[in-house]
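Two complexes, one shared chain (subunit A), two partners (subunit B, subunit C).
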Partner chain A sequence: MNIFVNEQALEVAPDCNIEELLEVLDKPLQGTAVAVNQNILSRSLWGDYFLQEGDQISLFQAIAGG
Partner chain B sequence: MLFNEMVDNDQLVIADKTFTSRLFTGTGKFNDQQTMVDALQASQSELVTMALKRVDMQHKDDDILAPLIKNGMNLLPNTSGARNAKEAVFAARLAREALQTNWVKLEIHPDPKYLLPDPIETLQAAETLANDGFVVLPYVHADPVLCKHLESAGCAAVMPLGAPIGSNKGLKTMEFLEIIIEQANLPVIVDAGIGSPSHAALAMEMGADAVLVNTAMAVAANPVAMSEAFAKAVQAGRQAYLSGLAGQVNHAVASSPLTAFLEAE
Partner chain C sequence: MLTESEMLRYSRHLLLEDVGELGQKDLKNGKVLIIGMGGLGSPAAMYLAGAGVGSLVLCDFDCLEVSNLQRQIGYQTGDIGGDKVELMKHRLEMINPEIRVRSINQEMAEDQLLMELMMVNLVLDCTDNMASRQMINAACVKAKVPLIVGAAIRLEGQLMFFDHRQADSACYHCLFPNSDEQALNCSNSGVLGPVVGTIGTMQALEAIKHLVGLPSGVKNKLKLFDGKTLDWQTFAVKKDSECSVCGKNR
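Let's look at the complex of A and B:
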């Protein structure tokens, strides 16, 4: 199944949820925010949302800043 | 109450949090993560800002969060990078998910040269975010009228600037900061432009509730020692404010008796 993560095409296994996606991408769960097709997905729903063909996933990360 | 007790009990309350330190800090521009953690510890700061960015899929970012949480810091995500109210509201909602806090430093500065905050977009975003349950701390120009509007909009504090971000020029807006402090019914945190401990002390002597410092610590030759100097300056300035500063006059007022002791009575 093909999706896009921050505009980059990516092939993932079917039945992959957001938590599993972050694991595959080796991204930390802490300090991360996720939007699916421009809608912010609450952290509590990451295990429940299963990726769909063509999904546009946006990943954001807390970084240093003033 | 003894003065010492008054100083010991002098805590800053913003929304649901109580702070002993009136020095807030940023996490940007430090050379490395260990220096940042050491400097923030030396500053005794209890509230540190962070930014949010779109993940770079090619590179792995440093985990900046773990050491901050380990050291018991409260996190204040900012909306830096947002060019208008809509983007800032989106950034604040992302930050709430990323850092699990409803606190947000609202900053909207579309102009990259001076990074001056857009007052119209900021007020609009502040209203939306306050209604959405956020603890909103807006970064604004030292505009007393705007600060009253932000107070009415439900902000938890205001963060007027002393000078442009990272300029280290000090309190160029001093007379307007004084008006803001005089009129405010909410905490005033002087943000941006504070370049030396004396600037921070001056802001506190004027009655600011807190200051936010980042660049002046992070790019100092010795960031850890400088952060400690800022901590002392903020404490000294606050104590001076609480002690009641002596007023200024335009003529000399003798500190010693002026009796003409060489002459006979």
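Let's look at the complex of A and C:
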């Protein structure tokens, strides 16, 4: 199954949820925000959302500077 | 009623259909707390002062250092060593003597912040660290005060607006629930002045629009600014019902 992560194409196994995606990508779970098709997915829902073909996933970090 | 000198000073607002005399009175009645007088707070405070926001409260506890001057455009080299809030208060009074500016030259604990929130219509989070951001968000949720959050690092910016008067509003903690991590800040990562200035300027724009009653482009949204491409990305932020700050378990 093909998805996009920060605009880069990526092939993932079917039945992959967001937590598993972050593990595959070796991204920290702490301090990362995730959006699926331009909608932020709450941390509490990462285990419940299973990736769909063509999903646009955006990963980014909180920034604190000012 | 606007005075004659105000009519002159704000003539470019009065020409705007979206502001006009009514909007200018709304600005005059506006009371905004700006927390953090660095790269975000400098342009935000100066634009709001220029625009005639009637009451500005500035909060910071830092002294000006030479390394601040690369981006914190409200200050000058001769100001080094001075208290930022006092320097900025003076600067704002020079820009616009028609407004009232008050300074809080210390780090506020939550109980003091909650007191201050009773006296304002809007808060701008212009701070530089995650602990302050989470504390300000939690206090604004409690006090039901709208909060415009800006942040910037390297060539990246983030902008959000949470209208905590609305029960279904998301909050900063819904978006970034883990507050204990080492979040990126300007002293550990560097930042370009115009990037942080762009975000601070957007906070001022949203504040003016909020005070005059114009719809916001960022309520319950996160905008990411890429200083390399000048692209903005927009993400919808929904209230997390499990959020420990604004959700059902708080």
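Quick note on the criterion: the second predicted complex is superposed on the first by the 64 of 66 C-alpha atoms of A that agree within 3 Å, B and C clash if a C-alpha of one lies under 4 Å from a C-alpha of the other, contacts with A are read in each partner's own complex, and residues count from 1 in each chain.
To be clear about the criterion, a residue touches a chain if its C-beta (ideal position, glycine included) is under 8 Å from a C-beta of that chain, and two chains touch if they have at least 3 such contacts.
None of these values were measured; they are calculated from a predicted model.
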| item | value |
| --- | --- |
| Joint occupancy of subunit A by subunit B and subunit C, clash or fit | clash |
| Subunit A residues touched by each partner, larger count belonging to subunit B or subunit C | B |
| Which superposed partner A:Q30 touches (first subunit B, second subunit C, both, neither) | both |
| Which superposed partner A:V5 touches (first subunit B, second subunit C, both, neither) | first |
| First (subunit B), second (subunit C), both or neither touched by A:G65 | both |
| First (subunit B), second (subunit C), both or neither touched by A:N39 | second |
| First (subunit B), second (subunit C), both or neither touched by A:N17 | neither |
| Those residues of subunit A which subunit B touches in one complex and subunit C touches in the other | 28, 30-31, 33, 35, 40, 42-43, 58, 60-66 |
| Partner subunit A, residues of subunit B touching it in the complex | 26-30, 36, 49-55, 57, 60-61, 63-66, 69, 75, 77-78, 80, 90, 93-95, 97-100, 165-166, 212, 214-215 |
| Touch list for subunit A against partner subunit C, complex | 28, 30-31, 33, 35, 38-40, 42-44, 58, 60-66 |
| Subunit B-facing residues of subunit A, complex | 5-6, 8, 25-28, 30-35, 40-43, 58-66 |
| Of subunit C, residues touching subunit A in the complex | 36, 38-41, 126-130, 133, 150-153, 156-158, 174-178, 180-181, 183-186, 189, 191, 196, 199-200, 222, 224, 233-238, 240, 242-243 |
